[in-house]
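Presented sequentially are two complexes of subunit A, the first with subunit B as partner and the second with subunit C.
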Partner chain A sequence: MFDFIQAILDGILFGTTYSLIGIGFTLVFGVMHKINMAYAAASIGAAYVGLVSASAMKAASAWAVFGCSLVAGGVLGFLVYLICFHLIPLRNENATLMSTVGMLLLADELISHATTGAPQNYPATLEDVMFRFGEMSIRGDLVVVFAVSVACTAALLLLLYRTRLGLATRAVAQQPIAAQLCGMRVAQVNALTFVITGVLGGIAGALICSAVGSLSILLTGPLTVKGLIVTVIGGLGSVPGAIVAGLLVGGLENAFQHFRGVTERDMYVMLLLFAFLIFRPGGIFARGQGRD
Partner chain B sequence: MNKIALAVAAAFAASLTISGGALAQEKTVVIAPFGVKTGVLRLFGINSEAAVKSAVEEVNKSGGVKLADGSKAKMVAAEYLDDRCNAEEGIAVVRRMVGSDALIAVGPTCSNVAEPLYGILQKKVDDAKDTGLQFPILTDVAIKVGLAKISEWSFRNVPNELTMYSSLYYWLKTTRPELKTVYGGVEEDFAHSRASWHVVMKDRANANGYQVLGESKWLLNDTNFSTQVREIKKANPDILSIAAHPFTTCGLLKEMQRQGVKPKLVVGLTSTSSLETMQACPKQAEGMIIPSSFAPVNKEAKYAAEQTAKQKGAADLHSMAAWENVFIIKEAMERAGLSGRKDAASIQADRRKLRDALAATKTTKGLLGVNKRTEDREADKPYVFVHGKGGAWHVLHNPL
Partner chain C sequence: MEFYYGLAQTIGIHTLLGLSAYIILLTGQMSMAQAAFYAIGAYASGMLTVLWGWHIVPAMFAGAALGAAAAAAVGFPALRVKGLMLVIATLAFGEGVRLFFFNFDYQIQKGNVKVGPLGGEGFRQIRYFPENGWTSGEVMLFVWVFVLLIMAMIWWFDRSRYGAVLRAVGDDELAAQSVGINLTAVKVSAMTIGGAIAGLAGCLYAHYTTHIEHLAFGVLQSVFAVSYPIIGGLASVFGTLAAVIFVQGLLVEGLRFLGDWRNLLFGLLIIVAMVVRPSGFLDGQMLRNFRRWFGLRGRNA
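What follows is the complex of A and B.
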C-alpha cells in the first residue's frame, strides 16, 4: 500500500510538468479557439535556445538558463503566430491545425539537427533536494515546478481579468468582429497572446528539461500528446482545469503503471481521454452536457 | 585554313582519346551506406557516414579495388540514405539501392529495420521459389542477437553481446567476489535493449552464478523514473545492469542520484559507451562499466578515429564497425574477382560473387585485432571493458 501511495505521489508531482504544457495549449485555445500543435516542441526549442545562450554567456546556472529560455520562448511564440496563424487564412479551420503540425515536425527536426539527436545535460533547479516525511519522499525540483505552475496561473488570471490587455483579449476571444469595430487591433492582441504563451512555454520547457535532467527531441512528442490530453480533460480554455488535469493524468499514469505495468500504462491514459470526451466533453469543471 | 581545321580536328580527336582513356581508368565499385540520420538516433548515422567516407578515402589512397581483369576501380560511397529507424523506410531505401549500381549496402542502424529487411533479401541463395532482393548487406550497427541467420545475403560486423557480457560477468565474479546479486533495468519497447536484457545480460549473469533479483521496465520516451528507482532501491542489488540507450539511462541515473540509490556497480548497454552519454550525464555515468568492441587503444584504432573526426564523426563501437566494413568489403571484392561492368546482369553477378566471398570469409582484420566470422554470418570481435571516468570512456580492462 505504501508503494502505491508513493507511486501516486510521484506521479502527481511529475504531473506538474504536464500542467505547465497544458496551460499553454489551453490559453491559445481559449483566446483563438484554435489548437497550437507546435506548442510543446516550441517550448523545448526555447529551452534549447536558453541552454545554448546561457552557455555562450558562460552562465551555466539553472536560473540563467531559465531567463534565456523565457526570452527565447516569447520570440518563438511570436514566430509561431506569424508563420502558422497570421499568414494563414484563419477562416479555414483546418489550415492552422495543419500549419502547426508542420511547425511541430519542423521544430522537432531543427532540434534534432542542432543537437545531432543526442540528449543534452540540463541544469537542475534543486539538484538532489528531497523532502522526506518518514518513509515518504517528494522531489524538491517538482515542488518548484508546481509552485511555478500555480504562480503562472495566478499571473495569467490577473492578466486576463485585471488588465486592459486581458479585457481586450477576452473581447477578441468572444466577439472578434465587435472588438475590431470598437477599435481593438485583433492581430496585435492575438500576437501578444502568443508571446505570452511563448514566454510561458519557455518557462515550461526549461522546467521540464530540468526535471527530466536532459533535453532531447524525445520529449516533444510525448509532451504534445500529454498537453492535449490535459487540455481536453481540464476543459478546453480552462487554465485552472489544466493544472488539475495535469496532476490527475500524472497520478493516474503511475497508478496504471503500478497495477498494469509500463507497457499498458499509456493505453489506459488514452482510455481516460476517451472517457472524458464521451462523458464529460467540457472537462473536469464543466457541467454535464447532452450529446448528439 | 585547311591546316587550322586539321589541327583542330587532331586536337579534338586527341582530347576524345584522352577522356576516353580517363573514363576507362575511372572504373568504380559502389557501396551504399544507410541508417538513421534524423530524430533521436541521428548521431549514429552521422558517425557511420563519416567512418564510411573516411575509410573509402583510405581505400582509394591505397589504389582502390582490384578487379578480375587486373585493373583497379575506385571505391565510391553512395549518398548516405536515411531510413529514420523505420522498417518500411529501410526496405524502401534498400529497394532503391537494388535499382542502382551499388554492389552492397552498409547498414542499418536499428535492429527493428534489420530484422524485416533481412527477411526480404532471400532466405537461401539459389532458391528459385524465393526471388527476394538478392542484395548483400553488411551491417555495422543493428546489434540484436542472432539476426544474420535470417538470410544468406545478410552479414553483420557487430559485437557478440553474449560473449562480451559473459566475459564481463566472469571477470567481475573473479575480481569482485563480494558482488552476489544483479538487478536489471530495461527499455522494454526497444528491440536491442529488450533482447540485451532478456536474452543476454540476465542469462549471462545467471550463468556466472549471480542471483538475479528482478527487473524494472520503462519505455524509450519515458521521463519519469521515480517508480523504477524505488523498485531498485527495494531490491538493493550489488550490480545494476541497465539495458537502455543514453536518454533513459541518464534519466534513471539522475533519479538514482536524487533518491540516493547507489548499487556497488552499474553495468551499461554496449550502445551507451558513446559520446551521447557523456554529453547527457557525465557525472552520473562515472564508474559505469560497459563492454565495447572499440577503444582507441592502438595505432590503427587511433588513426581510424582521427580520420573519422576529420569527417565530423565520432569513433565508437558502431561507427568503427562501419570503418572496418569498408575494408572487409574491399578485401572480399578483390577475392571475388568482380567485373566492374555497369550493365544490370553484370551488377547482379558481381553482387552474388561478393556475397559468396563474404560468406567464405573466416577472419577479417579489425581495429582491436582479428575479427572471426561465424557460420551464421556474424562476427566474433575482440572487445575491452570501458568505464566512465572524468567525463570520458576509458579502458578499464582488456580481457583478451
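What follows is the complex of A and C.
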C-alpha cells in the first residue's frame, strides 16, 4: 500500500513537468488555434543548448544550466514561430501543422547529431537528498522539479492576468479580429506567445533532463505524445486544465506502472485519453457539452 | 537489378501508405494513425500466412479488413471532436497500437523452430515469398498490381459523386452540412477506406521485409504517410506518387553518400516544401497547367 502511495506521489511531482509542456501546447492553441508539434522537441533542444552553453562558460552547476536553457528556449520558440507560422499562410491548416512536424524531425535529428546519439549526463539539482516521512520518502530533486514548475506556472498566470501583454494575449485568443481592430498587433502577440512558451519549454526541458539524470533524443517522442494528451485532457486552450491534467497523467501513469509494469504503462495512458475523448471531449473544465 | 526491384517495392508500399492518408486528407482531416493501421495489417497477415498457412491474397484481404475495422473504431469517437483533436487522438492511438505490439507475444512450435510475434524482438521469418519460390521481380509486380489498382480506385473516386462529397467536406464543413451531407458518415467512411489501404500496405511490407518489429510503426512512419500527399498536393493522386518517388527514390536512395546527414534533410525538406508551396506541389493551378500543356480535358474543364 505504501509503495502504491509512494508511486502516485512521485508521479504527481514529476507530472508538473507534463503540466509545463501541456501549458506550452495549450497557450499556442489558445492564441493561434494551431498546434506546435515541434514544442517538446524544441524544449529538449533548449535543454541541450543550455547544457552546452553553460559548460562553455565553465559554469556547470544545475542553476546555470537552467538559466541558459531558459534563454535558449525563448530563442528557439521565436525561430519556430518565424519559420513555421510567419512564412506560411495561416489558412493552410495542413501546411502549418506539417511544417511543425518537419521542425520536430529536424530538431530530433539535430540533437541526435550533436550528441552522436549518446545520452548526455545532466547535472542534478539536489543530489542524494531524501525527505523521509515514516515509511515514505521523497526524492529531493523531484521536490525541486515540483517547486520550480509551480513557480513558473504562478509567474505565467501573473503575466496572463496582471499585465498588459497578458491582456492582449487573452484578447487575441478570444477574438483575433476584434483585438486587431482595437489596435493590438496580433502578429507581435503571437510571436511573444511563442517566446513565452519557448521559455517555459526550456525550463521544462531542463527540469525533465535533470530529474531523469540524462538528456537523450529518446525523450522527445514520449514527451510530445504526453504533452498533447495532457493538452486534450485539460481541454484545448485551457491553462488551468493543462495544469490539473499534467498532475493527473503523472500520478496515474505511475499507478499503472505500479500494477502493470513499465512496458504496458503508456498503453493505459492512451486509453485514459480515449475515455476523455468519448465522455468529456471538451476536457476537465469544459462548460456544458463541448462536442459538435 | 535486385536493388532496383527492392526500391520499386519500397516506393510502391509507400505510395499505398500515402494514398491511405490522401483520402482522409481530402475530407480535411489529418490522421496520424496510419502507421497503426499499417502495423495491424502487417502483423495480422503475417500471422495468417506464417502460423496458419493461408495463401497471401486472402491474408491481404483479412489484413485490409482489420485495418479498416480499426480505422472505423478510432474514427467514430475521434471525429466527434474536430480537426486538431483528431490529430492528437490518432497520434495517441498510433502510439497505443505500437505499444500493444511491443507487448504482444503469440508463438507456436512449427517444425523445430518457434514462429510468431515476440514482443520487442518483433516477428521474424515471414517467409511466404521465398518459401513459395517467388523471385523479387515477381514480388515487385505483385506489389505494383495493388498499387495501380488502388490508384485507379481513388482516381475514379475523385471523378465520382463520392469524391465531390469528400472534397466538399474538406473545403467547407458548414456548407457541406447545410446541403444535406452527413459529415460523420463521410469522414468515417474516408477513414475506413484509408485504414483498409494502410492495412494492405502493411501486409505487403511484412511479406517483403520478412521481419517486422514495433519500431517500424512509430510516429515517424505516420508522419511519412501524411507528408507524401501534403508535399505532393491534394489535387490528384499523382501528386502523392510524385512525392513518394522524390522522397524515397531521390532523397533516401540518391543521397546515400551524405550518410547520416540525409535524415536531417527530410525534416528540412518538409519545412521548405511547405514554405515554397503551402498547398503542395501538384495543386489545382499546377494540375490545370499540366492539362493545358498536354491538351487534356480535366474534371473542371
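Here is the rule we use: the second predicted complex is superposed on the first by the 287 of 292 C-alpha atoms of A that agree within 3 Å, B and C clash if a C-alpha of one lies under 4 Å from a C-alpha of the other, contacts with A are read in each partner's own complex, and residues count from 1 in each chain.
Operating definition for what follows: a contact is a pair of C-beta atoms (placed from the backbone, for glycine too) under 8 Å apart; a residue touches a chain by one contact, two chains touch by 3 or more.
Keep in mind that what you see is a predicted model, and the values were worked out from it rather than measured.
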For A:Gly102, is the partner it touches subunit B (first), subunit C (second), both, or none of the two (neither)?
second
Just subunit B (first), just subunit C (second), both, or neither: which does A:Ile88 touch?
second
Please indicate which partner A:Gly221 is in contact with in the superposed arrangement: first for subunit B, second for subunit C, both, or neither.
both
If you stack the two complexes on chain A, which partner ends up touching A:His258: first (subunit B), second (subunit C), both, or neither?
first
Looking at A:Gly11 after the superposition, I want to know if it touches subunit B, subunit C, both of them or none. Which is it: first, second, both, neither?
first
Looking at the overlay, what does A:His113 touch: subunit B (first), subunit C (second), both, or neither?
both
First (subunit B), second (subunit C), both or neither: which does A:Gly213 touch?
first
Subunit B versus subunit C, judged by how many residues of subunit A each one touches:
C
Just checking: does A:Val232 make contact with subunit B only, subunit C only, both, or neither of them? Give me first, second, both or neither.
second
Tell me which partner A:Ala42 touches in the superposition: subunit B (first), subunit C (second), both or neither.
neither
Where on subunit A do the contacts from subunit B and from subunit C line up?
108-109, 113, 221, 263, 266
Inside the complex, what are the residues of subunit C that reach subunit A?
25, 28, 30, 77-78, 80-85, 87-89, 91-93, 95-96, 99-100, 102-103, 120, 218-220, 223, 226-227, 230-231, 260-261, 263-264, 266-271, 274-275, 278-279
Which of the residues in subunit A come into contact with subunit C in the complex?
29, 33-35, 83-84, 87-89, 92-99, 101-110, 113, 221, 224-225, 228-229, 231-232, 236, 263-264, 266-267, 270-271, 273-274, 277-278, 281, 290-292
So in the complex, which bits of subunit A are touching subunit B?
3, 6-7, 10-11, 14, 17, 108-109, 112-113, 116-121, 127-128, 130, 137, 139, 208, 211-214, 216-219, 221-222, 254, 257-258, 261-263, 266
Could you list, by residue number, the parts of subunit B that touch subunit A in their complex?
38-43, 46, 188-189, 217-224, 226-227, 230, 234, 246-247, 250-251, 254-255, 257-260, 275-276, 279-282
